[in-house]
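Handing you a structure now.
Going by the order they are written in, the chains are A, B, C, D and E; count residues from 1 in each one.
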Amino acid sequence: MAENVNQNASAVVEHLRAWNSKAVEEVIEFHGETTIVVHHTLLRSVALECRDALQFNLLSDATCVDRYPVEPRFELQYHLTSIPNRTKIRLRTRVPGDQPNVDSLVPVWLGAGWLEREIFDLMGINFNDHPDLRRILLPDDWKGHPLRKDYPVEGFRDIPATYLPGLKK
Amino acid sequence: MVPTQYYLVLSAILFGLGAVAFVFKRNIITIFMSIELMLNAVNLAFVAFSQAFGKVEGQVFVLFVIVVAAAEAAVGLGIIILIQRNRQSLNIEKVNLLKL
Amino acid sequence: MTTSVETATGVKKTMVLNMGPQHPSTHGVLRILLELDGETVLKAVPDVGYLHTGIEKSCEDKTYSQATTLTDRMDYLNPLGNNLVYALAVEKLLGLEVPKRAQYIRVMMVELQRISSHLVWLGTHAIDLGAMSVFLYCFREREEILKLFELFAGQRMMTSYIRIGGVALEPPAGWRDRVGKFLGMMPSRIDEYEALLTENRIWMARTKGVGVIKLEDAIAYSMTGPTLRAAGLAYDNRKVFPYSSYEEFDFSVPTRTDSDCFARYMLRIAEMRESLKIVKQAMEKISDSGPIKSEAAGIIPPQREKMKTEMEALIYHFKIFTEGFSPAPGEAYVTIESPRGELGCFIASDGSAKPLRCHFRSPSFINLQALPMIVEGQIIADVVACIGTIDIVLGDVDR
Amino acid sequence: MIAFLQQYAFWIITIVKIALLLFIVLTVNAYLTWFERKAVAHIQSRWGPHRVGPHGLLQPAADGLKFLFKEDVTPAGVDRFVYYLAPFLSLMLSLTALAVIPFAPNPLPFKILGEHVYLWITNPDIGLLILFAITALSVYGIALAGWASNSKYSLMGGLRSSAQMISYELALTMSVVGVLLMANTFSLQSIIEQQANAKWGVGFLGWNIIAWTHQGLFFPQIIGFICFFTSAIAETNRAPFDLPEAESELVAGFHTEYSSFKFAMFFIAEYTAMITVSCLATILFFGGWLSPFASTPFWHFTYYIPSITLIPFGLWVIYDGLKYETIFGKLILPAIGFAMFAIGGALIALPAVNDYIQPIFWFTAKIFVFLFFYVWARGTLPRLRYDQLMNVGWKLLLPVSIANVIVTAGVVIARSYR
Amino acid sequence: MSPVLLIFFVLAGLAVLGALSLVLQKHPIHSALSLIVVMVCLAGLYLLMGAEFVAAVQIIVYGGAIMVLFIFVIMLLNAGAEERTDFSKLAKIAGLPLALALTASIAAAVVKPDPGVPAVTQVVIPNATEKISSMLFNEFVYPFELTSFLILVAILGALVLAQREKK
């Protein structure tokens, strides 16, 4: 099965390259998983192409990795599944830490709504055109974004907030 | 044994209070209730006469009055709901569309 | 938060009802703001996060094997499934092969877990609709499954039984009899629930045609699991992307097409029967002896006996439990079929002994976001039925 | 002194009867909760209360104490007067309804203060109408409680219940009109007595549910009964029609904000209403205190059923008590069992008393069956949705019961022309 | 004072108090409760007179249906306490005296001893219920049928009034 998935995935990469030569920045193969790195400005159009032309109808997951202090520090991961083709790929886009803005994928997959809200809540990445971008897991008045690497595991407790970086929000 | 007059006086008092409520209350529902009170006062007089004369006609009239009151309540409360919906108030003063 | 619809005249005709976070039928601490017109729901806004425990953040501060115990606490009706998806992800990251015997044991345990989860679902859903007895019947049988877990793992709920590289313990003596007894009992018990509900007029009136989700909506909202299958698409990770040797098992993926609460009820009943079949096959496949963990020095703790005789084993043991192991940098994403849908685990490693990022795709969280679409326009009693059949676990939603 | 007592004998006896009836009804209520919990528990394959006293028999007392001593919370923003009035109103009305129910035909075999003592508080000619009048008022308790609590769940519960009770009152009233047409009276006692002349003297054939009488009139009121009992369950807000307090939707409906004794009042009112409705079903459709057996000499042995049932039951209680786990149970249960056994034996030995308890036994036995039915439905059925409930009331029960009235009227007219 | 007279005075007093409270209470629910008290007292008085059937109907229809409808509507509209507004000057100045005058004149008219009216209101009419029904269905059958028509019209009217406009 695994090889089969991989073959499909390479076809996907070829299709995307043929569709737009700038779409695919990098392709990573690791343990049978194909990661397609795209530029964050092209994310939504690539996603649309994946959904419409390549039948990736299910957005399985969306999450974010904070590679602080590497810059661009945020790596958004979109796990796509094509139910008809039995294929999985991962779309990755790198977002800079100073102005984490990226186009929302809600117009492509409605299911991205809460996933992106979660990323916004815990990582502090803004999604343009998101219909309802509010904190979801944490209280509305929470300060900071806990899944960032510069946010301590035990929270800020009694440390005055002004002494800590990344707390402007 | 209760003299007939006692019932009639009670009926008159209730009717009078109903009239007072009708004039002084501002809430449409309460005004409507005061009408019901007046009808009740009349019913009391009917039953008292019926029992005094030993004839049941009075009670039959009471039944008719009750039926009319029920019909009136259904329509009247429907109208009240409409008023509330359109005017956002149950105050009789606010229902003044026809007032110059 | 805008929750009230004001009509053009600036007239408020509706009532906002705060359903939850403490409410008998929100299955935990879910809060839904309902805007009602009479009993009709105009707008529903789910509000989650009351049970947020920051498990993903905590994982980043634990070694890979320590984080296993955290996964138990996410979806508290499916701890073994959570263990499994985490173990599979770490194994993928390490490129580790798990012995067949351990895989079959994993399958058996996860399927038992699926039955128990569906039992809790059926019971709570039934009590939401007022059928009190079914609730207690379901918990009676769930108790049997929990006893089996206790037998296998020494724990009833938070078993942490499935570990990286295999399972924690050798199956106990006499387990075949116990599981066999359960398998013998369960089909008639499922018939019992069906006798109380399936053809009950009130039950049908409450569930048929209620909470219909169109297939394209379900896919667009990324809904998976029974909710998607009840809409007519046979998407099941066990069949589509088999893991843990599921391809060797003979079972079918039940689907329904009407996609209402009744369909989801019938579907889960059918799934319980399928799971029983899988447990039976797994029992036959599990040999009486053989390894339950893969052999990988420095990753899998050595056997107790070896530790007492071999210096090397003792050193590995010490190293594993003090500093852990460090997979190569990279990412792994694994999905399995949990009772609620596609349960995913994404782990990013930066080459250290602790995960750089550990993210769980929890099916309840993603299925729940379609709730407003399902309930708007229905009446308040149906909201309860819809929440019930989406089958959310708030521990899974909030993590 | 005696002369004074005799002058006001009627009033004194009535007050004593009211006090006794209240005592009995409240005790029965308490044990009805015990019975319900036990029965539902056994339906659901669990034990139910079994900690306080042997078989949990003292549980009602413990519950009562708990209700008395719990903190009485009054939420902020309630309309105090109405908030306190509502539970009183509920309780008072449901207890008042019992006043017109006749429990047995014969007065006590001895006179007290020179007066016959009948087993009813009052027995007016329009007993049934009075019952319906009281039922009609009982909606206020719930509606006002819902309104006064200043809570949205309560308000919705109150609104639901007032709509539900008004709707089902119609079906309830219409469904008994068939019986009234056949009996030609509003008096509950006369309705029972009319059911006595059964075909071939076989008791149960004469009951209105079968209605096969000497006169050859055969028109079973089964449809009437089904409509009646269904609406009665809805009228008493019990499962599967317990919408006003549907705990999965409205938390606890109209009594969400009530605690401690005020909650207990609603509770008692609900159970008393169950008893009243069961009494009414028994009287209207199941021959009240009439024995189901024929009164011919061959069937004379059935006169001993009330007393004989006590003997094996007493023996069983003794047996059960001896193997009970706790010392208290070992002592108290055999004592109860022996008392039952002895009473049973004594009753057989005293034919006069045995004759006297016949009607009371059959009446309570039938009531018990209906109470069990209530509990059974609660343990088995899911809850209807609100709109479905209204549909059942208006579109099913009301037309069917009206049709039943029309057909019954036709049958009664046909009989009068024969 | 005979017990009957005592009961009369208790019930009559309660009824008057209820009616007064209807006037004086600010909140419509309290007014409605007062009205229910009046109605129940009147039913008691009917019983006292021996008009059992009317008493029962009074409670069932007035108490159990009409007033429940009132309370239902008050709950539904969530009507608050009455607001005081400056109302008609005429009513303010002349309302109370006129109402009192009305009461007094009616009372005076009925209290005036009339040889035609029997002094005591407690004639026991045998089989009153039966007589009422036979009268309803014989002499008054057309009015009776008319009332059923009236009720039907009222139901339809209420339906039409309360229905939301379809969008």
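Definition applied: contacts are C-beta pairs under 8 Å (C-beta built on N, C-alpha and C of every residue); 3 or more make two chains touch, one makes a residue touch a chain.
Since the structure is predicted, the reported quantities are computational estimates derived from the model, not experimental observations.
Path length between chain A and chain D in the touching-chain graph (shortest route): 2.
Chains that count as touching both chain B and chain C, per the definition above, do not exist in this structure. No other pair of chains shares as many C-beta contacts as B-E. Averaging C-alpha coordinates per chain places the centre of chain C 47 Å away from that of chain D. Look at where the CA atoms of chain A average out and do the same for chain B: the two points lie 71 Å apart. The geometric centre of chain B is 6 Å away from that of chain E, both derived from CA atoms.
For chain C, residues touching at least two other chains: there are none. By the touch rule above, chain B contacts chain E in their complex via residues 1-21, 23-27, 29-30, 32-34, 36-37, 40, 43-45, 47-57, 59-60, 62-64, 66-75, 77-82, 84, 90-93. Chain A makes touch with chain C in their complex at residues 1, 5, 30-31, 33, 35, 57-61, 63-67, 75, 77, 79, 81, 83, 86, 88, 90, 109-115, 118, 122, 134-139, 146-147, 151, 153. Chain contact summary for the complex, chain E toward chain D: residues 27, 29-30, 33, 36, 40, 43, 52-53, 56-57, 59-60, 63-65, 68-69, 71-72, 74-76, 129. Residue ranges on chain D touching chain C, taken from their complex, read 40, 43-46, 152-153, 156, 239-240, 242, 246-249, 251, 378-388.
Within the complex formed with chain A, the chain C residues making contact are 1, 48-49, 52, 54, 56-58, 60-61, 92-93, 95, 217, 219-224, 233, 235, 240-242, 247, 330-333, 335, 342, 344, 346, 348, 350, 356-357, 359, 361, 365-366, 368-370, 398-399.
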